Amino acid sequence: MELTPEQQAEINSARDAQHDTRRPTVSELEDVLFQPIPVLDHGFVRVIDYMGDDAAVVQAARVSYGKGTKKVSDDAGLINYLLRHRHTTPFEMCEIKYHIKLPIFIARQWIRHRTASVNEYSARYSVLDREFYIPAEDQLAAQSNSNRQGRGDLLRGAEAQNVMQLLREDAQTTYDHYVEMLNEDENGNVIDESREGLARELARMNLTLNTYTQWYWKVDLHNLLHFLSLRADTHAQYEIRVYADAMLETVKRWCPVTFQAFMDYRVGCLTLSGKALEVVKQLLAGGNTTQEESGMSKREWRELMVSLGRPAD
Amino acid sequence: MELTPEQQAEINSARDAQHDTRRPTVSELEDVLFQPIPVLDHGFVRVIDYMGDDAAVVQAARVSYGKGTKKVSDDAGLINYLLRHRHTTPFEMCEIKYHIKLPIFIARQWIRHRTASVNEYSARYSVLDREFYIPAEDQLAAQSNSNRQGRGDLLRGAEAQNVMQLLREDAQTTYDHYVEMLNEDENGNVIDESREGLARELARMNLTLNTYTQWYWKVDLHNLLHFLSLRADTHAQYEIRVYADAMLETVKRWCPVTFQAFMDYRVGCLTLSGKALEVVKQLLAGGNTTQEESGMSKREWRELMVSLGRPAD
Amino acid sequence: MELTPEQQAEINSARDAQHDTRRPTVSELEDVLFQPIPVLDHGFVRVIDYMGDDAAVVQAARVSYGKGTKKVSDDAGLINYLLRHRHTTPFEMCEIKYHIKLPIFIARQWIRHRTASVNEYSARYSVLDREFYIPAEDQLAAQSNSNRQGRGDLLRGAEAQNVMQLLREDAQTTYDHYVEMLNEDENGNVIDESREGLARELARMNLTLNTYTQWYWKVDLHNLLHFLSLRADTHAQYEIRVYADAMLETVKRWCPVTFQAFMDYRVGCLTLSGKALEVVKQLLAGGNTTQEESGMSKREWRELMVSLGRPAD
Amino acid sequence: MELTPEQQAEINSARDAQHDTRRPTVSELEDVLFQPIPVLDHGFVRVIDYMGDDAAVVQAARVSYGKGTKKVSDDAGLINYLLRHRHTTPFEMCEIKYHIKLPIFIARQWIRHRTASVNEYSARYSVLDREFYIPAEDQLAAQSNSNRQGRGDLLRGAEAQNVMQLLREDAQTTYDHYVEMLNEDENGNVIDESREGLARELARMNLTLNTYTQWYWKVDLHNLLHFLSLRADTHAQYEIRVYADAMLETVKRWCPVTFQAFMDYRVGCLTLSGKALEVVKQLLAGGNTTQEESGMSKREWRELMVSLGRPAD
C-alpha cells in the first residue's frame, strides 16, 4: 500500500488535531487513529472514530441489572459473564468507524453482514483507481480436494506463473478499456475530444472483481465481534481474514477486557451438540463409545475427536 | 425531577473529566454532556456519549460520490441535498447515546423503533423506585371527539380532581403492595423476617404503567431523525413529544447544519399525492376544481386545503 | 382462555376456507392453523400464516453452494450441517405469523427481540379488555436466594394467600378506575353523560403490568429459533417460557427436520470456553486438574462440572 | 433469457403442483408463480413464494387500532390512510420471495438494501456460468454532462461499435482465463490432468462485473415498496430499474389495493420543503415571488417549478 503525498498530509493533519473532551477516551486506540494498517497488496484498514470503551459495556450492564450487579466483584468478571451467557446488548453500546480499502470480490462477502452502516465509493459518480489485488505467491493455492470452499497446496512452476500473468494482464487490459470507453483518464482529462465517452455507470461493468474499492464501515462492538468470529476464523477466505485480523488488533487496543473475553469464549471455544456431550460424558466416566453408537455422522465424529485431541478413529 | 446527592456527585465527577482526543469534538454538545434535561414530572434525557458531527456526514457523502461532489459549493448545500433526496446512509455515520428516564407506557411506544440499541433497568433483577408520572393539570385532556388517538378539551372541576386522585392513589397503593409482596423495601431491607417475599420478576406485574423506568438508548443520526420526525410531530402523544423536543435541542447543538436541513425538509414539509399535485397545478394555472373532481377523499381534501392556507370548502 | 362465540365463529370460518395453491404447503401445520393454543390463564398463541418449509431451507442452501452441495447425501444432513456451522441465512427463507395474547410485562421482554414485525393492539385507540394474568398457585414462587433473576421455593399459607389477594384486587381496582376515568365501559357505552371522560392515551397509564394485550408477531425461522433458544431455556422467566414452548410445538409441525436439528445443536448443546476445553482434554487424557489450575472462576467451574455430570468439587 | 430444458422441466413441475391450503391465496399471483419474467439480456425475476395479501395489511391495522377502525368505511380507504400517514408496520405482515438473475454490478447496488434475506450463488463453491450483460444499442449512453450519475445521449457510429466490441471481448477473454485457471470447464470436467487448477475462491476475481449471478431475495411488503420507490424511480440506473419495474407488476397482481395506493402516494407524489410550501401558498394567494426571495437554491427552485408545471424562471 502506498499513499500519495496528499493522502499522507491529510492523515498527518487529522492526527495533529487535539481536542478537549469529556467523553471516555482510549489512548491506546488514539495512538493509531487515522493511521492506515496495510492489508494485502493495496488495501488498508484505519480507525476513523470510536465511541465508548470497556467501561461503557459495564455501565450498560449495570443499568440493566441494577443493584443486582453489586456482587460481581470486578468489571472483567462481569464482561466475561455477559459474553459467556450471550447477553449481547451491553456490547452494542460501543461503536467504531473504519475506513477500508479492499478488493470488490471481498467487499461482496463483507456486505452480507447487514448490521453495519456503509458508505462506499461510487463508480457511478467517479472513476475508480487503477489498483487490483494480485495474490502473493504464497497464497496462490490450488482448489482443495476435500473442501469445496477451501484451498489446497500451492500452485508451482509454470502453472503458478501462468495464473499470475493472466490475473495481471486481464486486470490491466480491462482497466485500459474502461478508461478508453470513458474517454477520460484517471485524472479526469478527456482523451479524445471527438468522442463522447460511455456513461460511468456503464463503463464500470468492464472491470474485474479484484479491482479495489473503498468504504466507511461503522458498526457496534457486538456486531463487530460477530463479524470477527466468522471472518477471523480459519474457515474464512484468506483475503477477508487478513482484514479481520487487522481489526482484531484494533479491538485489543480499544476494549482490552472484552477482547480477552472474546478470545476465551468465542475464538477458542468448542460447542458440543447434545450427542457430542453424551460422548464426552461417557468417555469421562471411563466408558467407551463409537461413532456408530453416538448417532453422529462420520464427519461430526471426526471433527469432535480432533477437537478433543484424540485419534479420529 | 430531583437528583439524589449521590447522583449529582456522580454527574459532576463525569463532567469534570477532561481528556485529550484526536476525534472530532463538538463543544456545544460537550457543554451539556451528562447533564440531565428535565422532562415531565420525574423524567429526564441526558447525552452520555456521541461520535461524529456534521463534517462526518459530509465526509461519508464525499467518499460515496468521490470527485463528483467537488461542484457542490459548501457543506450545508451538500447536507441539504442529501436530506432532500433521501440519501440517508451518510447520516448513519454519526451516533449518540442517551440516558433516559420515562414512564413505562411511553417506553412501550418508544421501543417500537427497532433500529436502536437499548439497555433498560430490569425489574427482574432490582426493585423499581417509587416514582410515577402524574399529568400536570394543563395536560389532563378529554378524549377527542374527532380523532380516536387524540386529545380534546381539558377536563375541569370535579372530574379533573377525581382523575388526579385516582391516578395518585392507585399508583401509591399498587406500589405499596409491590413492596409488601417483595417483603423488601426500596433500600433492599427485609420487611418481615417471617416471610419469604415474592420473586421480583412476579411482583413487578402489580405496578401501574405510569411507573418510571430508565434506559440507555443509542442510535445513529439517521434513525434518530426518523424517530424525531414521528415523535416531535403534533400527532404524537404529548408525553413522548416532550422527550423528542428535548432531544431535538441536543441535535441542534450536535449537528447544527443537519438540524437546520431537518427543520426545512422534514418538519416543515408537505407531501402532495399525485392527485393533490394535480389540484395544486390546476389552481396555480388559474383554474378551479372541487373535492369531487379531484378523486380525493373528503378528509384528504380538507387536510390539503388547510395545509395550503385555503378555505376547506 | 375463553373465546367469545363471535371469536370462535370467526376462527371456524377461517378454518373452513380451502384454497388451491402452488405454494409448498405443510399439512401438519395447516391442521392447527388459526386455532388458539392456550397459554397461562387468558393468553394464547395461534399460527395465522406461514411461508416455506424444510425444503425451502435446503433450496436456499443449494443455490448458495450450487453444485457444491451435490455430495451431501440428504436434506437432513444438509440442515444439520447448516445449523452446526451457523450458516443462518437459509433459515431466513421461511416465515411465520402468530397472533398472541400475553400480559404486558411479558410483552415488554418479548419486544426486545427486534428482528420481527409487530402490530400490537393500541390502547390509544381502543379500550383494553378486563383480563389480567394471575399466577397459578404452583407458580407463586419466592425470590431465589442464589440467583438474582430466578425463583426459589413456592410461597405457602398466609403469605401466598395475601399475594393472590393483592394481585387480584389491585388489578380489578385499577381497571375499575380506568373505566371510570374513561367514562366508557368495555362495550363503548358512555357511563355518565355529564362527564367528558379522560383521553384513552392517558387513562391506560392506570392499568397494572399484568393486563393482557395482544399482537401479531411475524418472524423468519432463523430469528424465531434464536428467540426460542433464549426463551424456551430454563433461565427464561416461566411466563415467557410457556409461550416459547407452545411455539416450539408449532415449529415441530412446520419444519420437523429443522426442529430436530435445533434440539440437537442448540437446545441440548454445551459451549466450552478455551479454558474449559483444556480441562476436558486433560481429564480425557487421564490427567487431573483443579479449578485453581484451570483459570476458570468458581462459578464457571461449578457449571462445567455439573454439565459434564461430575461432582462439582 | 433462455432456460435449459432441465430448468424448464423443473419450473413446469413446480407449477403443476396443487395443494389445499387454509392460507389466504392470491390467484392472480399464483398465475405467474415460478414463471421467469425476462429482464435484460440474460436476467430474470420470478416469484417463488409469498405470504399474505391486501387483507393481511388491513387485519394488522385493525388489531392495532382495534375498535377505532370501525369508522373507516372500506379496506381501500384504510390502506390509503396507512400509506399516506406512513403507518408502515401493517405492510410488514406480507412477505414475498423472488429468484433473481442479475449482473454483479447491479447486485452490488441492490444488496445495500439491508432489510431483506438473501441467499446468493457462491463462486467459492461453484463455477459461474458464461453469461454477461451487454447493453442493447438503445442503452449505450454517453455520460450526462449535467448529472454526474446520469446518462446523456446515445453513443453512435464507431464509438458505439468500439464499446460493444470491448465489452464483449473482455468478458469472453476473462471468462476463458477463469476457466483456464480453474482447469475445469463449465461442466466440471478437468481440462488438463497435469495441472492442479486455481482455487475457485481466487479464480473468480478475474471475472468482470457484468457477469451474471443469481440469488433468492425475500422481503416484506413495506421494505419492498421502499426498495421500489427508490429503484423504479427515474433517477435509478436503467439496469436496476427494469428489475424494479418487473417486480412492480408482481405487486400489482399480489396486493392490487396497496399497489394503487403506492402509485398515488409514493410514485406520483411531490414533497414540498417548508420554503417550497411558502412559495406555493404565495402563488396560490395570487402573489408573486422569486427564487432569491424564496431562500431556495437555484437548483431546488428549478426543480420545484418543473414539478408544478411552471416556467423555471
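A, B, C and D label the chains in the order they appear, each numbered from 1.
Here is the rule we go by: a residue touches a chain if its C-beta (ideal position, glycine included) is under 8 Å from a C-beta of that chain, and two chains touch if they have at least 3 such contacts.
Keep in mind that this is a model prediction, so the values were computed, not measured.
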| item | value |
| --- | --- |
| Intersection of contact partners for chain C and chain D | A, B |
| Between the pairs A-C and A-B, the one where more C-beta pairs touch | A-B |
| Distance between the centres, which are taken as Cα means, of chain D and chain A, whole angstrom | 29 |
| Distance between chain centroids, defined by C-alpha means - chain A, chain C (Å) | 34 |
| For chain A paired with chain B, centre-to-centre distance based on mean C-alpha positions, whole Å | 35 |
| Contacts with 2+ other chains: residues of chain D | 65, 68, 89, 112, 118, 122, 125, 148-149 |
| Parts of chain B lying in touch with chain D, wherever the complex brings them together | 65, 68, 71, 77, 80, 84-86, 89, 112, 148-149, 230, 235, 263-265, 267-275, 277, 280-281, 283-285, 297, 300, 307-310 |
| Chain D residues touching chain A - in the complex, by the definition given at the top | 103-105, 107-108, 111-112, 114-115, 118, 122, 124-125, 133, 135, 139-144, 148-153, 155, 159, 162-163, 166-167, 170-171, 173-174, 177, 180-182, 184, 195-202, 204-210, 237 |
| Chain A residues touching chain B - in the complex, by the definition given at the top | 14-15, 17-25, 30, 33-34, 49-52, 56, 59-61, 63-69, 89-90, 92-93, 95, 97, 99, 117-122, 125-127, 188, 214-216, 218, 220 |
